[in-house]
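Same chain, two partners: chain A is paired with chain B first, then with chain C.
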Partner chain A sequence: MTDAPSVVRHWGNRIRFPRYSLLATPLQWVATLVVAVAMLPMAYLLWRARETIGSDHIDFLLTANTLRIIGNSILLTAAVAISASIISIPLAWLTTHSDLPGRQIWLVLGLLPLAIPSYLGAVTLTLALGPRGLLQGWLEPLGVSRLPEIYGFSGAWLSLTLFTFPYVLLPVRAAFLNMDPAMEEMARSLGSNRWRIFWRITFPLLRPSLAVGMLLTSLYTLSDFGAVSVMQFTTFTRAIYVQYGLPFFGRASAAFLSLILMALALSLFLLERRISSRLQHFRDISGARRPSKTVQLGRWKYAALTFCTFIISLSVLIPIVVLISWLGRHKPAYALPLDLPTLTQNTLGVAALTACLAAIATLPVAYLVIRSPSQWNRVLYRLAFLPNALPGIVIALSLIFFSTRHLLSIYQTLPLLLLGYGIRFMPLSLGSTRNALASVNLRYEEAARGLGAIPLRALWRITLPLARSGILAGMALIFLNVVKELPTTLLLSPTGFQTYATYIWNSYDEAIFSQIALPGLILIALCALSLIPVFAWDRLLRKGNGHSL
Partner chain B sequence: MTEALRCERLTKTYASQIAIQDLSFAVSPGEWVTLLGPSGCGKTTTLRLIMGFEQPDRGRIFIDDEAVVDRGMQLPPEKRSVGMVFQEYALFPHLTAQQNIAFGIPKHEQPEQRVYELLELMELEDYADRYPHELSGGQQQRVALARALAPAPRLILLDEPFSNLDFALRAHVRRDVLRILKEANATCIFVTHDQQEAFSLSTRVAVMMAGHIAQMGTPSDVYLRPNSRQVANFVTEANYLPGEATGYSVDCLFGRLPLVHPQKGPVDVMIHPEQVELNPVIPDDSPTLVLPVVVSWNEYYGHDQRIGLRTAEGTEIVARSDSISTFPPQSVWHARVTTPVLAFSRAVG
Partner chain C sequence: MLVAGLLLSMISPNSAQEMSEPLVIYSGRSQSLVEPIFNRFSEDTGIPIEVRYAGTTELAATILEEGDASPADVFVAQDAGALGALAYAGRLAALPSDITERVEARFQSPAGLWIGLSGRARVLVYDTEQVTPDQLPASLLDLTGEEWRGRVGWAPTNASFQANVTAMRALWGEEVTETWLKDMIANDVRVYPKNTPIVQAAIDGEIAVGLVNHYYLYRFLAEDPSVTAALHYFPNGDAGTLVNIAGAAILNTSENQGLAQRFILYLLGAGAQTYFAEETYEYPLAGGVEPSVDLVSLAEIEVPDLDLSDLADLAGTVRLLTTVGALP
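Right, the complex of A and B next:
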């Protein structure tokens, strides 16, 4: 046989982008434009830093105050990452490897904190555990007149831990599910006890996923504005907000602090990307494997149930119970009028619009990296993730600086708000859109082209419908985050434009807690609903329902 | 004279590895041509170049005498009016059979009417509203074919169209497909690595080797008169015996045999298994030498059988026979060759 070894087959999903495509060039332009816009806040802040930062800023950096802010931020970030892991590892293990009763329910409850915005959660914690709160009310007859101080570090730590631990729970749980039971069995056969196995086998296998989860939590903590403000703990975001409100020097120092925050966040983010890309590699190798044997908890069952109940009570039950308990309470006459239809319309409107616009904007970037993974397109794809590292307040401030200087006509308009949301949250749908497109075999598109469809029609009629659920999951994630987002909304909203987030914030500012109850409950319900498609797609993927012929 | 397809000196390189080199061939309207070759010979790449999914580095392609690839000009696939049936069918999983077929028909051409005709032609009327995963392999195959035929393309390309069907289904589906293509009066190019399929499907066969066409001709041409030892190796299971050509005949183990092409010098004589005639007794006044042989093995296929034979000197010969006669191992037969044979001159030394 004269089978020429020099001849290679070159098709499948990762084919080079054939130069015939009319789509390639315009798409490239659009994708480049999208990424350029996404990079705008970061680039602008850096560019402005050149002219505004002088020696007086170096002095400013070295003031005790600034150093305290940096110290506070780092301390809080590290503490939250560690405590979130301490909660998540047992919870992940119990819901994957044990015979804990109601494992699925505990899992869902464990993910629910994602639906509770951190500022709302923090407010409810202060109402429950703070001075003259619910808990003290219950304990009063027992002679307890003072509870430990909730404001400051402890409150910020507690609330951020309770409302961000699912970011650790998810990857750690995935790692537990992926773990090959043969490894542990092997270790047991070699005479190791359970404890030794955990430290020598399980934990090392868990470490990359744990690192990813901790970094995600850290990133969230670093960029959180609501919870630290409620708990009156001064980290970067709070300091930036306060500085921004000051006249004269305020803006420049806000910009300067933003710059340091951006640098911190970016380094965390890049570290996370590195580890999780290596993780992807880990997972690709693994084939189908036996499900792990479930461990009989026996007497430990009650301890496990107590643990789960305790965590869920704090992170899910308290917010909801507190909000319900405030529902019927007296409203002072000066309270902000509560116009639910307008709030709903505004919140859903901007969230849906952002989700749609961001989905459209990410599509060219994700499509090109799948169908034409050239150097340039891969760089574009990676760059497009960067804005996700930026705290909302940094993006918002940068856009304010930019628009007041260069584009006054969009300052305090809806388009600027949408732009801020879009830049911040677009990366959330990028990954799932990419994966969804990758699951559609190139053959389908070719078949459509062969039948006379121009590239755009092939994309619209064939590729997009097949990738639909993944794209929708990404959109739901954006929707959820826009609904929750506080600082961007606070800073970029047109005057008089209120969403649930800003309304709750303003009511809290004026200490009218009864005004928070109903919008807060509605907000949590909305977020919980938008979580459904996100996890539905995750399920689908695990079943392997890609359209891969 | 118009040609349905003309490829001129196509060359395609992937990452400095040559997939296709200087490939030229033409197809007349209504012709059925098969690109036959071992895997990796560039036959599927050729289809993809014709289709427009890939761009050649060099060369030109004409469809109905109209240039679709010429000096950097490159007509996109959707403008070429070429239909393709993929090996994996690639039926759109989110569309019904009917919607799949209608996909390529322009809106102003009454798709409903055309789809109905095609469903009828395919005998798929009852399956119009089924989704691809609800259809059997053979039905999927027919939908894929109908979809490719629907826009009335100038040319239909079929990439290993039957390789995804199990053996029992294959003959049946093949007959259906051929009937439909014939009724549609389509010009077809098949790609396959299966010699039998190639010979039975097409009016002409192009044998591809290492990125170029080694031989193109009618099935019997290619089978009976392969132009090189490589082609012969791929399309036949012939015996090769050393011999000495003397013009119109050649001397070898089977005596002096007539040659297809006159030649001279040391050669390898190619003898197809079915050219070897086995007799239980020595036939009377044979024109050629009769050789006593012993049966060493026997492969029975049903419609025919292959018999391994050994001569007194120990030379192994393979013969093919009908399935009626029996050839018990160790039985003695008298073999001879009477039809003209082909010979390949042997490199001296």
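Right, the complex of A and C next:
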């Protein structure tokens, strides 16, 4: 493996071997089937929406209420994207261009919020900063009897900002790392001051990556269910969940709202894809560059350290400290029994299973687009990404509709839950699997076949082992996301099946906070542990491009 | 694939011991409240059960969506409204007389389609540190006043609250109820997912008063007698002090009618009724069991002039709550 990856990638894309068609035909069927299944929730929702739109409920649905939901969702999404950028730009700059003490540690701490599920983070924020929370308790001696309202927009905005800003941090950091210092130096030599250089040179160079990060954060915010529910702020996901729980026309309303949400999410997603594919080209053509010079912070060092400490205290320290402070508290007799081995087994089991199944399912799609990039295979590859834009609650709802009417044998069973996870998270491993396969020199596979191996054997013995780290990174990412996922688990779990996510949610629902502490800490630890392989194995990520997250 | 199969067998819920088909129960009552008595039924009778816990209204919606294919045998609901709605939709089986004769007629369906298992009163829980007894409102209608701005909690997704609104519509009429709901929202009423967090919020001082069922506070008191909250029963038959039931019904699509009846009979037996009286602090409705001494007796509560069958128009209530924006 002495070839530079970029050269290999071009080979993979350009050279076609007609004899591969033997392998391609059955594989193509499999890939087509995989993508068809992935498209099912979207297609079925559209199909089902006919009933709603044809019915007399439609006037009722198009009320001020729906407009308010759309307004709330857009407002929250935009606010979170902006505040996440305001946090991420300085943090990214400090960890790449400055002599901030402990740069690497701050970076790791800055990525840790990814290990905190938004609902758990939001619960801890209400316990810490709520009207009668931990902070108020500390301030009581100073005469503070009540803190400002956290429920509603402010709480949803705060928690989503704190737990999603790494989605901006990663691409922005990558942009800083890839930035050629020559332009800034030239501007300086022409007499521009730092501020002017930032706005005229640095920021424009940053903009595409920033846009990608903001759109990723927006997508996350739009599909978040836990934090907005805890903070009682009505966005699409919360409204869909409530309407889903109402008899009569509730399900129709939920389907209708899901459809609008799907349209909104898909447009954000397509926009993100567009910008990031341009970004990819932009990076490929820029040639060799020198590393940037480290800026001496001087007395600004303390300000920078205060900033970093503040952000990390809110986003990492508060959740952990609050959970620990609730650890020893009294558990009421009526608390739900806490069976840690079963919860662990269930959580890790479904996450590992989904990761394995999704990796197997993505393989044909990713393989074909590399080895036989026909029009059809490229369309399949692009389509397979779409479900990632769909909020979990939308996929779950659609699968419930579908299975109760057409596939009752899997309704309320584990396979349906796995299908829901799989469809939602499969795209997460698609990109890294494709890139990993692309970096394998086709000649090795050819050599194996020249020595008499059948195509599948060559793929199994040569290509897959070489592409292993990229595929494993994708699987780790799926694993992490399944462990964190709440709405899909809540809606699709078989009767009596509980994971950490649903156990924590149910205990919160009953206001038994002491029962959240231990499972919450374990859940965060599990997520943090599964972040390690995500970053260690994905070469693209290691370079700092957070795209596949 | 081998690994996948192994994992699958590891996490699939009690696949090994599924000797006979379990009785499938959809429980709209909280797991923490009823799981112990459900498990006791299973232990005493050897009948395996499978319980799906969710909101009462959500499960009613699920049963309607599932149609004839519903896996549920029994529906345990936390109010009469959801049961009435399923009865109206023609989804419930008639209960035999050995069940219906155990409970007073006013606590069951007139057509014998559902039956009350325990009684509960709608009350106002209040934070005794913020509110003195003389400041308490005489009627739900008073809660829209300026002095209650941002200090009241409710749970519009909760079935018991929805039944309460159905009662208001029956007692006050549509217009007054709609105005009241709008005024409550304009008065910054605080939204909670269900009763327990409302009581917790009143104890914590997050709210001053909240619309809840009576028994939740007793569970908190049993844990810690020093909690600073108390219950207020509205006087003069106000819509705020409704007596409702938690009840059960058997789906007419169930192929387990016999076992389902045994389950309901068990819950009406002296053992289960004592559990409801002593453990969950509800009013027992059968078996000659007396309510806990801590409770205000049912006879003392000045209930409004309503039948539980008046609460069946859940559809109308849900529509109204959505129209005014109480439900998103």
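Simple rule for what comes next: the second predicted complex is superposed on the first by the 514 of 549 C-alpha atoms of A that agree within 3 Å, B and C clash if a C-alpha of one lies under 4 Å from a C-alpha of the other, contacts with A are read in each partner's own complex, and residues count from 1 in each chain.
Rule of thumb we're sticking to: a contact is a pair of C-beta atoms (placed from the backbone, for glycine too) under 8 Å apart; a residue touches a chain by one contact, two chains touch by 3 or more.
Not measured: the values here are computed from a predicted model.
Asks: A:299 contacts which: chain B (first), chain C (second), both, neither?
Replies: neither
Asks: On the A-aligned overlay, A:447 touches which partner chain: chain B = first, chain C = second, or both, or neither?
Replies: So A:447 only meets chain B here.
Asks: A:50 in the overlay: touching chain B, chain C, both, or neither? Say first, second, both or neither.
Replies: In the superposition, A:50 contacts neither chain B nor chain C.
Asks: Pick one for A:466: touches chain B only (first), chain C only (second), both, or neither.
Replies: After superposing on A, A:466 lies in contact with chain B but is clear of chain C.
Asks: Is A:412 touching the first partner chain B, the second partner chain C, both, or neither of them?
Replies: A:412 contacts chain C only, not chain B.
Asks: Touching A:336, do we find chain B (first), chain C (second), both, or neither?
Replies: In the superposition, A:336 touches chain C alone.
Asks: Comparing chain C with chain B, which touches more residues belonging to chain A?
Replies: C
Asks: If I apply the document's touch criterion, which positions on chain A are contacted by chain B in one structure and by chain C in the other?
Replies: none
Asks: Taking the touch rule as given, give the residues of chain A at its contact with chain C in the complex, in rising order.
Replies: These residues of chain A touch chain C: 60, 63-65, 68-69, 130-132, 151, 229, 232, 234, 238-239, 242-251, 253, 330, 332-336, 345-346, 349-350, 352-353, 356-357, 400-401, 404, 408, 411-412, 414, 494-497, 506, 509-512.
Asks: Where on chain A does chain B make contact in their complex?
Replies: Listed in rising order, the residues are 1-11, 18-22, 441, 443-444, 446-455, 461-462, 465-466, 547, 549.
Asks: In their shared complex, at which residues does chain B touch chain A?
Replies: Contacts found on chain B: 14-15, 17-19, 38-42, 44-45, 48, 51-55, 74, 76-79, 81-84, 86, 88, 90, 92-94, 103-104, 106, 147-148, 150-151, 209-211, 230, 233-234.
Asks: Under the definition above, what is the set of chain C residues touching chain A in their complex?
Replies: Listed in rising order, the residues of chain C that touch chain A are 3-4, 7-8, 10-14, 24, 30-33, 35, 50-55, 57-58, 60-61, 64-67, 69, 71, 82, 85, 157, 190-191, 193-194, 196-197, 199-201, 204-206, 219-220, 222-224, 314-315, 318-319, 322-323, 325, 327-328.
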